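Shared between the two complexes below is chain A, which pairs with chain B and chain C, respectively.
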Partner chain A sequence: MTDILIIGAGLSGLFASILAAKVNADVTLVSAGHGGLSISHGCIDVWSKATPSRSFSRIRKKHPYRIAGKRALDIAIAAFEEITHDASYPFSGSLSRQLFIPTAIGALHCTALAPYSLAHSEITNTTPIAIGSIAGLRDCFPEMLVRNLRANGYAVERSIPLSLPGSEPCRDLYSTDLAYRFDDSSFREQIAQLWKPRLSGIHCLGLPAVLGLRQPHQVFQSFQELLGIKLFEIPTPPPSLPGLRLEKVLFNTAIHFGVNIILGSSATGLIDRSQKLKRVSGIKLHAANSSRHLKARNVILATGGFLHGGLIARRDGSIHESVFNLPLDYSENRPALLAPSIFDEQPYEKHGVRVNSQMQPLDLKGDPVYENLFAAGGIIAGADRQSEGSRQGIDLATAQRAVEAALE
Partner chain B sequence: MNHEFLSTDHCLKCNICTASCPVASVTDQFLGPKAVGPQAHRFQHPHYALPDVSEEWCSSCGTCTIVCPHDVPVAEMIAKMKERPHRETPWRDRIISRPEVLGRFAARFAGIVNRLINSSRVRTALDRFLGISSKASFPSIARTSLRKSLRDYYVKSPNRLEEISRLTVGYFHGCSTNYFEPLIGELAVRILEALGLYVFLPPQVCCGLPLQSNGLFDAARKLANENIKYLTPFLREKIPIVGTSPSCMLAFKHDYRSVLGIDTEEANLLANSSYDFFEFILQFVPEDVSRINYNKVTALALYHPPCQLRGHGIGIPALTILRRIPGLHLEVSDLACCGVAGTYGVKSERYQVAYSVGEKLFQQAFALDVDFIISDSETCRWWISKHTELPVYHPLEILARSMGII
Partner chain C sequence: MPSFSTELLVIGAGATGLGIAWDACLRGIKVVVVDQSNIAQGTSGRYHGLLHSGGRYAITDPVSAQECASENTILRRIIPHAIEDTGGLYLALRTDPADYAHEWLLACQKIGIDLEPRSLDQVRRREPALTKAISQAFQVNAASLDSFDLLNSLSHSIRKAGGQVLLHQRVNEFIIENNTVVAAELVSELDQTTMHIGAEIFINAAGPWSDQVAALAGVNIPLTHSKGTMIAMANRLTHTIIHRCRPHSNGDVIVPAGSVMIIGTTDIPVASANDLSIQQSEIDFLMDQGEELIPGFAKTRPLRAWAGIRPIYNSRQYGINATREYSRSHVLIDHGETDGISGLASIFGGKLTTFRLMAQRVVDFVSRELQIDDECCTATVPIEPEKKEFIVLSNRTTRLLSSEKDISDSVICECENVRQSEIESYIQSSPHFELDNLRCTTRLGMGPCQSAFCSVRATEIAFSSHESEDLLADLASFIDRRWRGTSHLAWGQSMRQMALSRRLYFELLDIQQVSGDGS
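Up next, the complex of A and B:
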């Protein structure tokens, strides 16, 4: 019997597990696989429309931010910064000032917190910069990147093709292939020797985010020193190092604080029917082709939305919550789930379970479905997290509230 | 995970598996699990092999299946591609995949064999003529096998079991415990007995996993069916099976059905009645476990949970107990695999890749200056010990020490 069982190993699930374990709760985290975090940009988007702290009161009432409350967001951000700081993976930015970081194609992405290497505070749009492209690395588009960055007002001087030592690789290289090599200090020294002559006259260089996975901040600092110029990293399409680094930091922190992590198991909810009060008793784990029961006093559902397995849309138009089959409010008009353009607000994004301020999922009448079940992150209804640019902020704030409520 | 032909379509190409693959990260000769698994799977003909042979670089650690969030059996797809009846299997692979035969033979001449496998001349010759890396790790052969020293524990069929009220469990020791590390088996039995269980050794053969990893599926199936035949009578009496080797238990729980395709009621029964040692004691005798009087084990240790244990999808149950031992300061490795992956790192042409996979673990052990390393799988222990020159223990050896059993 575990005190708190968390289902889902994305940002909200991992963050919730650390918060609970830090106050000595007995925590088990179960996940079918790695969560959405590992394919994300590894930043904390809170609200892309304007500075979040100012516009908070203008957000509609049924939005997860309003339900969780500004206080939860503030506490969560501080807790997140403490976790990443303690893991020597510092973030820049704050809730009161937005950061704009270049994407892989040179668009500007608005975020609240970004890893230090992505949001180098000394780089402004008046700093003359060069963009390095690495031979053999897939998903690296220097021309488009330079053109779009210039259009966005950056003083990009040129792009510089950079090569790798050794013979030509047998296949396209993933960003992770390079990151593993950059983790090795002798490889960094070798690369610095090779690249230095090509970088004369350059003061600031943007590179695809490949500078290390295991101790990225240290790798970044040491490589910057070796080259003797300012560096910044630009996230690549998946596999994306900033997301993987953050995931690694959170997994390792969770293990450090004693979270029991069960990876590679899907879950079916178990209901306690012996009591008068409606409670959940845990889950049935489906792992390696066999099933086991896992009992828990409290369960936090952090399974995400349609893209992450928390919600399932069937061809008949029905929508289901994947673990406890919680009641959902939806219309069976399947085409209405999608907007005509991919860049529009997407109706499907707002689907999910409704919760109260305790983060307890509610039935269609507005009463908690189970006394000891809580929800966090993308499974919660009421936000188009993509178009709002609010994905990670909601993950953190609702996880904070869910853990507080579960520990009460 | 049985419906793999359907679940190929669940692959979103997110690359989570590729990003986690220990082999792809150190060699570009392997295309990566996504490309070799679900991507190539769409083009596979039932009777013709794919021209690409990059799947031979896969070490079968299973990490891709574990990290996949969409239930795509990536590792299983790649494992099945290794079954190629028309391809010649090297002699070397036919030899190293039969630990039981090797063990039974070597046990008779333990002294000589141990001296021979430690001789650099012999190792050079094995490397040159058979392709068994001279830098790879070999276990030493025990003079007395576990089955010999625990002769009295052997129970042939359930009707020979004594009528007792205690919880009863059959211990599957596997080849390596029997021939190479009998101490682990003896300690396992003594811990289970100290926790109030009645333990016996059922009839058993090699689990067959080494054969499966080397593409010898028919031979592996034969062993699997033998184990199923021997164990089913016990399972029908609701007697669970516990193992100390995560790879054997993974074969029982998963590979017999999902890779070897043995789709019978008996195989299901075996899968659902097999347990890792620590999973078992935490689930079946939690009160007795919580009453253990742990003695101090003052040490700094690095714990590496093997890829085969991660494959169970049960978390890391040994960690729960190791953390209760006073004085034991534990660091947990976050490396998905130590590199050797059973017989993979033993092969001359794979050795360098296997070493590179495990290198970060060895470096971590040196950087932390640990007293010893802990790991559940036998091949991991031998491999890590060889490359760090540190003692590497099964977690139950540490538990036994803390319980005062050794």
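Up next, the complex of A and C:
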């Protein structure tokens, strides 16, 4: 029997597990696969339309932010900064202003918090910069990056093609291949020697985010010193290092605080029918060719939306919550999940479970379905996270509220 | 305004138009093909990939059936690289009309279509995924024919033989003197420039748009449009083409093609050539039909749905006997005879399987008009592939694993193993970069991720050499077209894939900011 069982190892699940474990709860985290961080930019988007502090009161009442409350968001952001700071993976930014991070194609992504290497505070759009591209790395796009960054007002001087040492046979490079190499200090020294002559006259260089995975901040600082110029990183398409680094930091912190982690197992909810009150008793865990019961006093559902398997769409047009088959916030017969154009707002973004201020999933009458079940992150209905630019802020704020409620 | 003249101008770069131009080239006729968009953007590029054995039409249209059977043999000889010899099975299920199989068998034998009865044991050994409810089975020599590969090879061969293929050129107007079409005014869809091409004969092979082309010469063609919807499934559950042995109906064929499997089709009258919207009921129907043939079919992942338009000519409406109606399948109209407008003829109907025969008949007509005696030789001259080794996924994979692989030649599209060098060679050979055309040429973006990862990489490769073009708008319109092709498949893994694509484009790359929204 565990105090708090968390299902899902994305940002909200990992963050919730740390919050609960930090106050000495007995926490178990289970996940069917990798969480969403491996495909994320590793930043914390809170609200892209204006600074979050200013616009909070204008958000709709049924929005997860309003339900969780501004206080939960503030506490969550502070807790997140503390966790990442303690793990030597500092973030820049705050809730009171917006950061703009160049994306791999040179658009500017609006976010609230970004890892130090992405949001290098000294880089403004008047800093003369150069863009480095690495031969063989498919997922860096120097031509588009330079052109669009210039169009966005950045003072990009030029792009510099950089190569890797030797002619060792290699497979096609992904950003992770390079990151593993950059973790090694002798490789960094070798690269610095090779690149330095090509960088004369450059004061500030943007590189695809490949500078290390295990101790990225240290790698970044030491490589910057070796080259003797200012660096900043630009997140690539997946595998995206900033996302993977954050995932690693959160996993390590969770393990440090004693979270019991079970990966590679999907879950089916178990209902406690012995008492009058409607409660869940835990889950049935399915691993290869076997299954077992895992009992818990409280369960936090952090399984995400359609992309991560928390919601499942069937061919008959129905949608389902994947662990407890919870009632979902949609009532029509067969609502279209998708709008015709990829550029349209998509109805599927807003589906999910409806919750109260305790983060308890609600039935269609508005009562909690189970008194000891809570939800956090992408499974919660009511936000178009993509157009709001609110995804990670909602993850953190709802995880914060869910843990508070579960520990009450 | 630039202008030049030729002997034959063909309108439409589908299988029919390119087939005509190829035949004309081989007879020494000076030919130009024009198309309003790109190669394979009409019916030919939107077909299920079935090289007919003839069986389908044995009862309803014996002439077509016979043509299909003989063209099948010819195409295997002249364009082997575009054909995968999957073979085909006709299956009668226990629920199908009991006498039909017998009647069908007799009809096939009468025409001389190659077929062999197969025991249920044999069928099961060959295709274990099929339903157990089969009552009778017949093996035929159907095959899977890649129309992109066919059309690219035709276009390559035409250019090599001295013909011209001009793309993104829409016929805007015919210049008619003394009731004879003498020239066409073309408008570039890319930069709106115009040009004149004079010719002795104009062939309208614009498929579903041929009524619109004919109307430019003041000629009315009674064309009806029939939409057929298909779904490509992400897996090949059979390696043989599966037909239903029952009266011709919807959802009665499954064609394994490359790494996917296509189920088709439906048959819905629509108002115009551009009416390609799919109804959810068509998808439901096709998935159910697939499930009937292959239990578990509906649980596997659909990759993409699309529709093509069959241009159907209604001779009864026309009421003039001067048409050359070779069979119910295709029709050549000499507008000099029927409408008093000389120098223009229209061809339509037919099937991809019989494109060569249709071309032969058209060029026979053209030769008579031009008083040329050369015989048709397309039945014996092979059509050279544009690229010999790449297109088939297994060839590409073999090459990747071989020691010859150049380490700097990255795989850009991992689903279809398309390498950087293939994209660079496309860029070199194309004056204008278009992702959708690159897709038709290399299969980039046609695999399970539906271009989520490769489209941006390919755009980057084109960026330095095609600086003046709006590549980001092209990228936006490409990913939108890919999205539209999956938007009726919003369930299971395909729903997750779509959510992933959108997450990548809009939250990691923020494409919407730099692309002008694709509109």
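We adopt the following convention: the second predicted complex is superposed on the first by the 399 of 408 C-alpha atoms of A that agree within 3 Å, B and C clash if a C-alpha of one lies under 4 Å from a C-alpha of the other, contacts with A are read in each partner's own complex, and residues count from 1 in each chain.
By our rule, contacts are C-beta pairs under 8 Å (C-beta built on N, C-alpha and C of every residue); 3 or more make two chains touch, one makes a residue touch a chain.
Note that this is a predicted model, so its numbers are computed, not measured.
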Report for A:285: first if it touches chain B alone, second if chain C alone, otherwise both or neither. first
Of the two partner chains, chain B (first) and chain C (second), which one does A:39 touch, if any: first, second, both, or neither? both
Quick check on the superposed pair: does A:258 touch chain B, chain C, both, or neither? Answer first, second, both or neither. first
Is A:180 touching the first partner chain B, the second partner chain C, both, or neither of them? first
Just chain B (first), just chain C (second), both, or neither: which does A:238 touch? both
Quick one: is A:143 in contact with chain B, with chain C, with both, or with neither? Answer first, second, both or neither. second
Looking at A:391 after the superposition, I want to know if it touches chain B, chain C, both of them or none. Which is it: first, second, both, neither? second
Examine A:343 and indicate which partner it touches, taking first as chain B and second as chain C; both and neither are also allowed. second
Report for A:314: first if it touches chain B alone, second if chain C alone, otherwise both or neither. second
Residue by residue on chain A, keep only those touching chain B in one complex and chain C in the other, then list them. 39, 169-170, 173, 238, 309
Hey, which residues of chain C end up touching chain A in the complex? 280, 284, 287, 298, 407-408, 410-412, 453, 456-457, 459-460, 463-464, 472, 476, 479-480, 482-484, 487, 490-492, 495-496, 498-514, 517-519
Touching residues (chain side chain A, partner chain C) in the complex: 39-41, 45, 103-109, 135-136, 138-139, 141-144, 147-148, 151, 169-170, 172-173, 235, 237-238, 240, 305-307, 309, 312-315, 317, 336-343, 346, 348, 386, 391
Considering only the defined contacts, which chain A positions touch chain B in the complex? 28, 31-36, 38-39, 169-171, 173-174, 176-177, 180, 183, 214, 238-239, 244, 248, 251-252, 255-256, 258, 260-266, 285, 287-292, 308-309
Okay, in this complex, where on chain B does chain A touch? 1-2, 14-16, 18-20, 24-26, 28-29, 31-32, 35, 65-71, 250, 253-254, 257-258, 271-272, 274, 283, 310-316, 319-320, 323, 332, 334, 360
